[in-house]
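Here chain A shows up in two complexes: once beside chain B, once beside chain C.
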Partner chain A sequence: MLLIVVVLTFLLLQSASGDAVDAYLLSMGGGDAAIAQSLRQSYGLDQSEIARLWLYLSSLARLDLGWSVAFGRPVADLILERLPNTLLLMGSATALAFGLGTSLGIVAGARPESTTDKVVSALSLILYAIPSFWLGLVLSIVFAVQLRWLPSSGIETIASGKSGFARAADIALHLILPVGALGVIYMALFLRVMRSAMAEVWKLDFVAFARAKGLSRSRIVLRHVARNALLPLVTMLGLQSAAMLGGSVVIESIFAIPGFGRLAQEAVTGRDTPLLIGIILTSALLVVLVNLLLDLVYALLDPRVGAAEEGA
Partner chain B sequence: MRMNLLSRRRLLQSGSALLAMVAMPALPRAKEKASGGRLIVAADSEPKNLNPAIVASNGVFFIASKVIEPLAEAAFNGEGGLARRLATSWEGSEDGLSVTFKLREGVKWHDGRAFTSADVAYSAMNVWKPLQNLGRIVFANLEAVDTPDANTAVFRFSRPTPLQLIRNALPVVSSVIPKHVFDGTDIASNPANTKLIGTGPFRFAEYKPGEFYRLTRNEDYWGKGEPKLDEIIFRVLPDRAGAASALEAEEIHLAAFSAVPLSDLDRISKVPGIEVISKGYEALTYQLVVEINHRRKELADLKVRQAIAHAINKKFVIDTIFLGHATASTGPVPKSASEFYDPDVTTYPFDTAKANALLDEAGYAKGSNGVRFSLKLRPAPYFNETKQFGYYLRQALAAIGIDATLVNADAAAHQKAVYTDHDFDLAVGPPVFRGDPAISTTILVQSGIPAGVPFSNQGGYENKALDALVAKASETIDAEARTEIYRQFQKIVTADLPLINVAEWGFITVARNTVLNVADNPRWAVSNWADTALRS
Partner chain C sequence: MTLLRQTIGTGEGAIGAAILSLLILIAVFASVLCPGDPLNIAGPPLTPPFTQGSLPLGTDSLGRDLLAGVVHGTRTSLSVGLAAAAAAMAFGVCIGLAAGFSGGIVDEALMRLVDAFQIVPGFLLALAFVSVAGSSAHVIVIAIALGAWAGPARLMRAQVLSIREREYVAAARVIGAGPAEIVFKEILPNALPPVLSLSAIIVAAAILTESALSFLGLSDPNVVTWGSMMSEGRNVLRSATWLSIFPGLALLTTVIGIYLLGEGVTKAIGRGRPGS
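Up next is the complex of A and B:
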């Protein structure tokens, strides 16, 4: 599967007009034909596509991700350098989206069609309709420029010399706005799914039974309805982790966070084939990993999944 | 087996713990007062190769010019428009075959070694001439550099080379790098291309990719009492709205090269403590140019080119697209280059009726649908203004019955389509005038340039008289005679229209008013900043 990803990405990038040397010459503000020729030679861009694809695949087989043309550094270094920032951003944003989305979903779903439900649902619809770049800019103008409560960009204070807990706090402070911008939009999605899932569960027989048993409403909502409604949400979480990787491109640019999304954008504009394939490969692995993890969580939430396995 | 390592409750708990971390209340922010003399500047790109001796581009100079110095820098009030840096004097021989530079004494490299004429000779012969994008043109006929003593470098040329050209090119092409660091290594892959070692007022301290570059004060700098700052930080801010926000939030002091978009200038100029400065780019003039593919039958006809020139309302372009931050062009040399500029050329005032008449005369009558012929128009994506001018030009052409199809592409694709594949009829480009027409201007109209050279004549235009003029200028030693040739050059280009010059612009710097001595030379953003200071 991953091999198909690699080959497709390679071919797709070849079909884009212009190569890494065109992009590099442009950043130099011009250069003559001899410079272009010698650059193409040194990057192996003068060879045929098949030869280059074979070369790339054989080095990949040795777990070598190759050399970035646009950055002049090994691709693996670049990815390892940027990945933690994106994971932090995505992890926090997912936690925010999932945590807040689920909680609000429970509030809304506890009494379907009540005023609370209508207000929360309307709010979620508005949030869901907002583009993340717009929200990012507005949050930045309000909280960084006008109120000056939070830094407007970056992952940490520049050359601050902080370490340990002070540094972690500094990074957390810098992450509030980007995580907010990225998380709130996905939160709306989780909220809506949670709410409608709960509305479905309310109609089921075992809820009526729980009521008949005389259980308190809050106990029914939390233990019976919400728990069962969580299942589709976990599925969503897996799907959204891939979407969020895409969303981080915009947020990382606006908030100047040196992460994966920005690296991907730079790889495309620089026609940096090895780097882009490296990024896509890592992202694919990441999504596979997240979904594997969620499958395990699924088994925890729904006893039937584990039971089926036991029976087999 | 049933997985029970994680309970549902724990899962929810850990989720809310993460959430709590994210929603942590704002801590009081450390005040970034100018007490330590740290200047923070917005940077929008991170050049792979930061060595200005190899890559003479504004993106590289912006950072590297503080660390690595040229022989001379541009100046508003200097002899010949130059300020002495590593060279203290320069003199050309009568026959134009040599130029003698006297070098500054007592200059040290950042690693403690002494700077000598051997460094200049090495830089010129091993880097500028063979490797540098612009040096390859300026030093094409450089044969050798003699070093009779440690402070004298004599450049010897195989053919007469005008001192005027060398002088005008010095700020751009003459960044000196240390011989002892590069000699005997593969120059292109030397680590000192990113971790710079120079003689400049600032040392290269640190680079965190995607975040910042940090330069620190060079205690041993030759300039008395310089530099004034302790530190310069170039903070990477890729988003254009980000630079404006960071300035307003007082997180950065300065954004150069119009990092704050033109449309934001009006608003930000009203913010207390922020100044909008349009000086300091006089020697970095960008030109808005309509590039023409002369292989197209219709465009090979002078009358058609004249008609297109008449169809463009330059005043509208400047007022609406550049919001007043540009000047209308009359020809291929900008007004800011007063040494060469000739106002007495053929001009094409905005006149749609005349344009239509010219096209009728040329035999391209309007069809039943009002269209004479169709064209492919490729605006360069490098600036907002080049893209917007593409939209405007399409409308302007429609008014004279030319139907233009806009083709927008990203930078690499545009470059390949126009300068390698010639897949265009009209293109909008932003070439740069770099102090002398021979550096990057004549190449726009000269014939015989191989495909694949960006910012050159790839439109198939050929004019023997113009080529002869350019060749003659390259061997004319006398500055006055050479200037006269370039006046002729402007007359021919404007009369024959190998391309159409529309407007010319410098950039805008937006800075906090605590930054002192901003824009005090015509290449300020890409100069040494030794006298830049912060008011505490």
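Up next is the complex of A and C:
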């Protein structure tokens, strides 16, 4: 499946008019055709598309992602260097979204159609509709420009010489705004899914049974309804991981975080095909890994999944 | 028609329909409301909003009328969003229909293709495609549709798989209906409604993607978009916050309108069904 992704993106990006050499020469203020030709030859850009595709795939088999023309460095190095920042951003945003989203969802879903439910639902609809990059701008206007409480760009203070705990605190401070901007939309989404899943679970027989047993309301809500409503949320998390990775491109651009998404944007401006293919491949790999991990979590939450597979 | 009336009967549907009708009117009559090219200079640069009667929302750093930009941006956002969503739905439905009805190796191949498109972040794909093919309006529509067709395709296939085993399809086959007739007369009309219910989310996502792309500078430079307005406003964020606030509010209103209408339709369909 990842192979399909590689071949498709390769063919898509090869259909480009103008390649990295054009962009490179343009950035140097132009050059003559002979230089362009020799550069193309050294990067293998003068060969036919099929030959290049084969060349790319065979080097990929050796885990070699190629050479970035715009940066003058191996693609794999660049990606590995930028990936941790993005994973940190996405991980924190997911944690925020999942934690707050499920708790608020439980609050709203505990008493369907109550006033609390209606207020929380309306609020979540508005939050869900906010474009993340606009929220990022507004947050940085309020907290970084007006109040000056939080830094508006970067992942840490440059050349601060901090290490250990002080550096971690510094990074955390820099991450508050971007994580907020990225996480709020998903928080609203998880809230809505959790609420509607709980509304479905309330109708099931075992809830009526738990009630008939005389269990307290909070115990029914937490142990019976919420626990079962978590299942669709885990599926949702996997589906959203691709969208979140896409969203981090814009957020990283706003907050000037040197991450994976910014790398994608730089690859786009530099017409850097090997880098762009490498990025798309890595992100696809990441999404597959996240979903694999969530399948394991799913089996833990719902014993029926594992049992069914053993039976088959 | 009854569905429309039922939709407006729900609170969400009424508000959503009102917001969207207003926006569509603004988009259609943009040239009447704010005549002339919105990219023309209309007054002194960085005029704050609500200070001059002729420039109610002020001007940007080049002295262009912000209100005209927002009004004309409505046209871009809605047309690109709707076109991309329509393209994604049409393509997704065709692929899903083909996969579900053919089965076997065609199904297998098409579904692997769907998988491949679902694991690549749609926004990255759109970014790559626009950077390769240039940033004209139809390229942007295709780029957004590329990342959005896989969902409808998957749902369509699931629908077709469940419907093709129903008795009325078997009955049609018995009375000698050809495969084309079965697909278009029996399966398609019955499989479509749940897939169409995705359209609110897809249109909203398409509008958001379009503005995010133009925010990153990947849009037709001769057309005003909310995203490019916000991105220009970002350069003067400290002195002229309103430049990024107003286009963002317009975008927010649009997306809320679409979601509300979508919820209204879902509720109306739910009420229409007996027993729920």
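In the analysis below, the second predicted complex is superposed on the first by the 308 of 312 C-alpha atoms of A that agree within 3 Å, B and C clash if a C-alpha of one lies under 4 Å from a C-alpha of the other, contacts with A are read in each partner's own complex, and residues count from 1 in each chain.
Throughout what follows, a residue touches a chain if its C-beta (ideal position, glycine included) is under 8 Å from a C-beta of that chain, and two chains touch if they have at least 3 such contacts.
The structure displayed is predicted, hence computed values, not measured ones.
In the superposition on chain A, contact of A:I171 is made with neither chain B nor chain C. When the shared chain is aligned, no partner comes close enough to touch A:L87: not chain B, not chain C. When the two structures are aligned on the shared chain, A:I4 is found in touch with chain C, with no touch to chain B. In the superposition on chain A, A:R271 makes contact with both chain B and chain C. When both complexes are overlaid on chain A, the residue A:L215 reaches neither chain B nor chain C.
In the superposed model, A:S253 lies in contact with both chain B and chain C. Legend: residue contacts after superposition of the two complexes on their common chain; A:L137 is shown touching both chain B and chain C. Measured by the number of chain A residues touched, the leading partner among chain B and chain C is B. After overlaying the two complexes on the shared chain, residue contacts for A:V145 are found with chain B and with chain C alike. In the superposition on chain A, A:A284 contacts chain C only, with no contact to chain B. Looking at chain A, you'll find residues 16, 137, 140-141, 145, 253-254, 269, 271 touch chain B in one structure and chain C in the other.
For chain B in complex with chain A, the residues that touch the partner chain are 1-4, 6-8, 11-12, 15-16, 18-19, 21-24, 26-27, 29-30, 40, 45, 47-49, 55-59, 131, 133-134, 136-137, 188, 194, 206, 208-212, 214, 233, 235-239, 241-242, 245-246, 248-251, 382, 409-417, 420, 432, 440, 450-456.
Chain C meets chain A in the complex at residues 112-113, 115-116, 118-125, 127-133, 147, 204, 208, 211-212, 215-216, 218, 230, 233-234, 237-238, 241, 244-245, 248, 251-252, 255-256, 259-260, 263.
Interface residues of chain A, counted against chain B in their complex, comprise 16-20, 22-36, 42, 70-72, 78, 81-82, 91-92, 95-96, 98-100, 102, 137, 140-141, 144-145, 148-155, 157-160, 169, 172-173, 175-176, 179-180, 183, 227, 230, 253-259, 262-263, 269-271, 296-297, 299-301, 303, 306-307, 309-310.
Listed in rising order, the residues of chain A touching chain C in the complex are 1, 4-5, 8-9, 12-13, 15-16, 125-126, 128-131, 133-134, 137-138, 140-141, 145, 242-243, 245-247, 249-250, 253-254, 264-265, 268-269, 271, 276, 279-280, 283-284, 287-288, 291.
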